Amino acid sequence: MIGVGKIKQYSNVLDKPLSKGKQEVSLSAFAFLFSELVQYNQTQVDNIAELERRLEDAGYAVGARVLELLCHRDKGNRRETRLLGILSFVHSTVWKVLFGKVADSLEKGTEHEDEYMISEKELLVNKFISTPKDMGTFNCGAFVAGIVRGVLDSAGFPAVVTAHFVPMEGQQRPRTTILIKFAEEVLQREARLG
Amino acid sequence: MATTACFIIVSRNDIPIYEAEVGSAAKREDAAQLHQFILHAALDIVQDLAWTTSAMFLKAIDRFNDLVVSVYVTAGHTRFMLLHDSRNDDGIKSFFQEVHELYVKILLNPLYLPGSRITSSHFDTKVRALARKYL
Amino acid sequence: MAAIYSLYIINKSGGLIFYKDYGSKGRMDTNDSLRVASLWHSMHAISQQLSPTTGCSGIELLEADTFDLHCFQSLTGTKFFVVCEPGTQHMEALLKVIYELYTDYVLKNPFYEMEMPIRCELFDVNLTQAIQKDRVVLLGR
Amino acid sequence: MAPAAPRSGDAIFASVERVNAELFTLTYGAIVRQLLTDLEEVEEVNKQLDQMGYNIGIRLIDEFLAKSNVSRCVDFKETAEVIAKVGFKMFLGVTASVTNWDADGTCCSIVLEDNPLVDFVELPDTCQGLYYCNILSGVIRGALEMVSMKTEVTWIRDVLRGDDAYELQVKLLKQVPEEYPYKDDE
């Protein structure tokens, strides 16, 4: 059998160079995989809140890895130490790598000091998903909320992160807003660092 | 080549996940214990320092007799700490940066739990090789 | 002038999983639409046996004096058929577009269970747009 | 309307919407991690991954047919060729080749040049029996079953277990004729 399909061989995985992040797969491949992730988790839970939590947990571990990879590869080994820095890292660097574009908007919450919102008219993971009415406010974007929390938590900015559908007038489809509510310690440190 | 050098990796919540005596001097068991104790003592200095700079390499942050503590903090606040007697800052920085690349690859393994002990033997061999090369 | 009267989608065992009518002509209530679906499923299958040519894949076009019926069956057995005004053009192309919308907004929806009736909001939205866009093409004829 | 000529995998891959492979790899890693926590038994995880692949395959086949204009495959040989040449490229952007045909053309191997499911995976001692990419075998089995081909898909070579390539064996068990059983027997 000639060496068909001989993959560049490395004696061990650590010899392999880090990927440049240029390789692609079809959106369909991701959509089918994500749909299966949701369906599998539906069989493991008995209410919607649990389903959202499980999707978030799945995303959390992705976030922790994305932070280290992107700060090392795309950010030249620089760490984010300020709140606006980490938020713009998520809103642009993370979004561009994972979803191919910068997020539509990053806003500070109006009512609360510790709230920020990243919104997306068409969140990639929700592109083909129609959430049944009887699932209320459930949003598969919980997976993305988990990724964001994973990035923020690992970077030292613990927060509660949730995904919400927000209707937009004149639009049939609501946009998805990722609501980030930072922990008290983050705001105190920000104040201290001045 | 540093005669005495002790390298540890500490997770974000201060749990050691990797240790290696990488100095050229003969290894003495009690020395390793002492080295790790010194490094742990320096942790709280690291905690505050890390927020004052966006750099990962924090250089020398503490001293113990003729031994110096150099630290490197990754984006996820995993800390590489080196107790050494050599003065070769550039060598130490390169050592940390190359270990960082290895650490990212370990972390990208979905079957590795972030913050748990690094048990990959390949990782250990490569770290010791890097130490011989740079320290 | 409602060029397209109605659209049916049948699963591979003949069950109706989607029915939509466009305007009053040829409107069916739910029982009738179910009956039409299984009737068509059997006719489509029998036609393969009757056909003199081997490897025939069943009726693709049924022309009657008051309507045409264009049918597309995927290799997986799902049938899409549209009832429209006689002589309407582009129906094969429209059915192909609907098939692709089905693969996107139905099969990639985690809340859709295979072979069951389609209740996917995104499918309806995109279908309406596809039919409208196509109707413009028809009117522009 | 003359059936359009089947499009090459490259042509389709270039024309469809694509995402960064890292999102795909990291999401798949999250799935495997979830299964390992939920099921603990590595053999159970292998089964569940295959089942999840099957669930994807029975849905993905329609997109494959819709986008590739593939008309009915003459025989299993052509089918395997189309899966390798068109299917893997169209969805995963990787080339695959078909080899090792048996005498009567009902069993072959599909060998992957690259595998976007895997980036820096190293099987720890606790996961030695794991077939990390087992979702792929399920996808092929599910997809073929929807076009009336019952198959058995197993791993022959797996880089994560020390082999030099990823090789799947696809064995045709039964070609299920799907004439409509209109004799009222059911």
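To keep things simple, chains are lettered A, B, C and D as they appear, and every chain counts its residues starting from 1.
Basically, contacts are C-beta pairs under 8 Å (C-beta built on N, C-alpha and C of every residue); 3 or more make two chains touch, one makes a residue touch a chain.
Here is each chain with its UniProt name: A, C, D = Trafficking protein particle complex subunit; B = Trafficking protein particle complex subunit 2.
For clarity, every value in this text was computed on a predicted model and none was experimentally measured.
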item: Chain at maximum distance from chain D, centres defined as averaged CA atoms; value: B
item: Chain pair showing more contacts of the two, A-B and A-C; value: A-B
item: Rounded Å distance between chain C and chain D, as computed from the means of their C-alpha atoms; value: 29
item: Separation of chain A from chain C, taking each centre as the mean of its C-alpha atoms, in whole Å; value: 38
item: For chain A, residues contacting two or more additional chains; value: 12-13, 16, 28, 32, 34-36, 39, 61, 65, 69
item: Per-residue overlap in chain C, given as positions that touch at least 2 other chains; value: 104, 108
item: Multi-partner residues of chain B (at least 2 other chains); value: 105-106, 108-110, 120, 122
item: Pairs of chains, among all present, that meet the touch criterion; value: A-B, A-C, A-D, B-D, C-D
item: Interface residues, chain B side, partner chain D - complex; value: 105-106, 108-112, 119-120, 122
item: Chain C partner contacts - residues on chain A that touch it in the complex; value: 28, 31-32, 34-36, 38-39, 42, 128-132, 135, 140, 172-173
item: Contact footprint of chain B on chain D as seen in their complex; value: 26, 28-30, 32-33, 36, 119-124, 127
item: For the chain A and chain D complex, residues of the former touching the latter; value: 1, 3-7, 9, 12-13, 16, 19, 21, 23-30, 32-37, 39-41, 44, 54, 57-59, 61-62, 65-66, 69, 97-100, 124, 143
item: Chain D contact footprint on chain C (complex, rising order); value: 12, 41-42, 45-46, 48-49, 55, 57, 74-78, 92, 96, 99-100, 102-104, 107-108, 114
